[in-house]
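What follows is a set of structures for review.
Here come two complexes built around subunit A, the first alongside subunit B, the second alongside subunit C.
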Partner chain A sequence: MTLDVVLKKSPDAAYRIYDGEATIVLPSHASVHVLNPIGSFVWESLDGRATLAQILDRVVEEYDIGREAAEADLLQFVGALRAQGMVG
Partner chain B sequence: MTTPYDDLRNRNFSRAMPMNALFELTFVCNHACSFCYNCPTGQKEMNTQEVIDSLRKLAELNILYLTLSGGEPLVRKDFFDIAQAARQMGFALRIYTNGYLIDEPMAKRIKAIANPIEVEMSIHGGTAATHEKLTCVPGSFRKVVDATRFLRAEGIKVNLKCPVTRNNQDEVLEMDRLAAEVGATIIFDTVITPRDDGDREPVLQMSTDEFLERFWKDDAYRSARREDVPRPRIDQGGEAICGTGRSSLAIDPYGNIYPCVQLRRKAGNIRELASLKDMWRSSPVLIEVRRAAVEVAERLKTEQHGDQCGFCMGVAELQMGDLMSVYPQVARNAEFRAKAYEAWKREHEGEDPGGVSTRCEM
Partner chain C sequence: MSPSRVAADRVVSPARDEDRVSRDFEPGDDYFAAPREPFGALGLSLRIGLLRFDLTGLSVDQQGLLAERFRPFIDTRADAPAADLTIRFTRAGVDAFLAWPREEMEIYRMGRRAVGPRIAIWSYEFAGSADTATRQAELALVDAGGATFERGAENFLRVLTALHILGHGGLLVHGAGVVRGGRAHVFFGPSGSGKTTVTHLSPGDTILSDDLTLLVPEGRGYAAAGIPFGMAHHRTPDASGCFPIVGLHRLVQSPMVRRERLQGARAVAELASCLPFVMQEEKSAGAALANATAVVSSIPVDRLLFRRDPSFWDVALEA
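Let's turn to the complex of A and B:
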């Protein structure tokens, strides 16, 4: 996956944010996921308009984390979300 | 060991941040069950727009799990408009239905539009004769079984519920086998509740002592009761007994808001409120039931077999006129659970089956 990709939340996913943590329910997989605050920040940004590069900019701006490490984490994280059918 | 999701739910529970709502979309039903707890008043039920406006308020309250119930929710011609709006607002849906209208195309439509995490249906016997004696609708047994198959074919989880009475107690094992055969889970409820108007006639149909002894003790019923042994409730140190008005709320077809579907103390009307948030924090009804739910947990510790009571404050109030009074049928059920537990301990000296959380959040 590259940073020019645009992803959006799967319409299958039901979710709410509690205390900054996204709780995501996937009916088709009968599973519930709770994301940490940075994961939740990314999740909320996956709106089908922003590229991953733009989301990376926001993460680096919002959190005290180096760009290189953030990029690796972001790509791994959205890859996992995609593998689980949570984004497309 | 707890998961991040368990931790989040426990945090929300202790701070009374609600996650669940049950919405009775209509009291109209295509069955005429003799034990039905609904008591329609004849008021005008909410129209499509009013329901959707109400869903928006529930979303603002950060409700995640929304149960669409009735009456029979699928008799509403706008059911799928409502379900679609709910999904677009980010709710995870459950549907409580009698399954009568669910044929193959309807199951596909439910999957495509509502995509529920679960569909729950009641079953009242292992044979058509027993089931239909209660529903008073010929063919309704076959419909439940077929609906389960159609929904399972779409990959939808189906949970069957059976209130066990003396009419169907001898078919529990048959129902358990049938559920497994059609790929559904099944829950047997051995404590029968009165109707919402206080009519106790259904309670008189509660299963016999002989059955309760067998159900809680015999290995043949292990699968049906879903546990090896009826374990006592864990002492959760001052925690509320259930999520009534704390983690959940219920809305009836007229817009009335209750702490729970079983506890019908009106806290307000959703049509009249601009937002639910203020009511959720300040409603005297909700504050009172939250407090009572903590007190009940403590009080049950002093009751005989209190740790085996699947206590419901709604039933207590309806039947005993007091949120905290132990009602006879739950005491009787607890007595048989405790006997089975003691017998198990005698046979398994030195072993500890542990406790169980019996927290009800719907």
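Let's turn to the complex of A and C:
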């Protein structure tokens, strides 16, 4: 996956942010997921308009993380979301 | 139209030897649109937490059976609010919907299909449809009486309860509801987590349910209520009223007895993982998550490590 990719949340996913953390239910998989605050920030940013590069910019700006580490984490995280069918 | 699904639930169903049907019959929209004969002209009303269901199309025997079976929940109020659903009982006209189990025992199967405000649900002995927009529902039953009739009616009403309490801000939780000193504790978790054990270890307390408990908004908090078709090992709840909830406890069997506070999204997720029948569609799942978040922001939630003795109460009461 590359940073020019644009992804959006699965329309089947129901989620709720509480205290900065997302609880996500994927009905088709009968699964419940909890994301940490940074993961939740990324999740909310996956709106079908922003590229991963733009989301990376926001993460680096919002949190005290080096760009290189943030990029690797972001790609791994989004890859996991896609593998679970939570984004497309 | 969203694809229909047949999912395995956790209820174990005995095989039925007679009139065995070998292939599943999935009732489509044409089935539900066709006219069907009611069993009779009688009815009764149920009050379950904040919900009211009007049951119609009952025969004399069915009315008597259900009136006895649901006795504490019969609603005779003259000023009762309009029913959440009016459910017409009809003769199915088929021997079965899903094929009866071939093996001695199998996990209870149930199919469902949701389109807009309408949902259709079916299993071996029943097929039901409900429309939240018109507040009308039909329950087509294979048998007019006996255990098959009772099970079909209860299974359909159980699912409807889970779905319709969402509109009142409530939840139906896989949990044992126990009232001590006028205040309710809800011990929740999946099958095998110890819900029934907790009720057995609570002699003298009021048992609302050993398996499915309603959480309903009340004042600034929430109250717990039993349902007449949500008991695993008891036929009927000890009480039909609502009791203020002081603690939600996610049961974890352990040699130790300890309470670990669950915060934020983790508490929401633990509760959301124990909400039957509402997580199959995005719309109801979203409503359930919203309600679960509101519950968690109002009531303390913990993981309750417990062993099979009453010592867990000392820890639970600290909540």
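General remarks:
By our rule, the second predicted complex is superposed on the first by the 88 of 88 C-alpha atoms of A that agree within 3 Å, B and C clash if a C-alpha of one lies under 4 Å from a C-alpha of the other, contacts with A are read in each partner's own complex, and residues count from 1 in each chain.
By our rule, contacts are C-beta pairs under 8 Å (C-beta built on N, C-alpha and C of every residue); 3 or more make two chains touch, one makes a residue touch a chain.
The shown structure was predicted, so the numbers you read here are calculated from the model rather than taken from an experiment.
Partners subunit B and subunit C, once the complexes are superposed on subunit A, run into each other and clash. Of the two partner chains, subunit B and subunit C are each touched by A:V34. Contact with neither subunit B nor subunit C is seen for A:I65 once the two complexes are overlaid on the shared chain. Looking at the shared chain after the overlay, A:D19 reaches both subunit B and subunit C. In the superposition on chain A, A:L3 contacts neither subunit B nor subunit C. According to the touch criterion, the shared surface of subunit A, contacted by subunit B in one complex and subunit C in the other, consists of residues 11-12, 14-19, 21, 23, 25, 27, 30, 32-34. Residue ranges on subunit B touching subunit A, taken from their complex, read 3-5, 7-8, 11-12, 17, 19, 62-65, 87, 90-93, 115-117, 155-157. Of all residues in subunit C, only 7, 263-266, 268-269, 272-273, 279-282, 285-286, 288-290, 292-293, 296-297 touch subunit A in the complex they form. Interface of subunit A with subunit B (complex): residues 11-12, 14-19, 21, 23, 25, 27-28, 30, 32-34. Residues of subunit A that touch subunit C in their complex: 11-23, 25, 27, 30, 32-35, 40.
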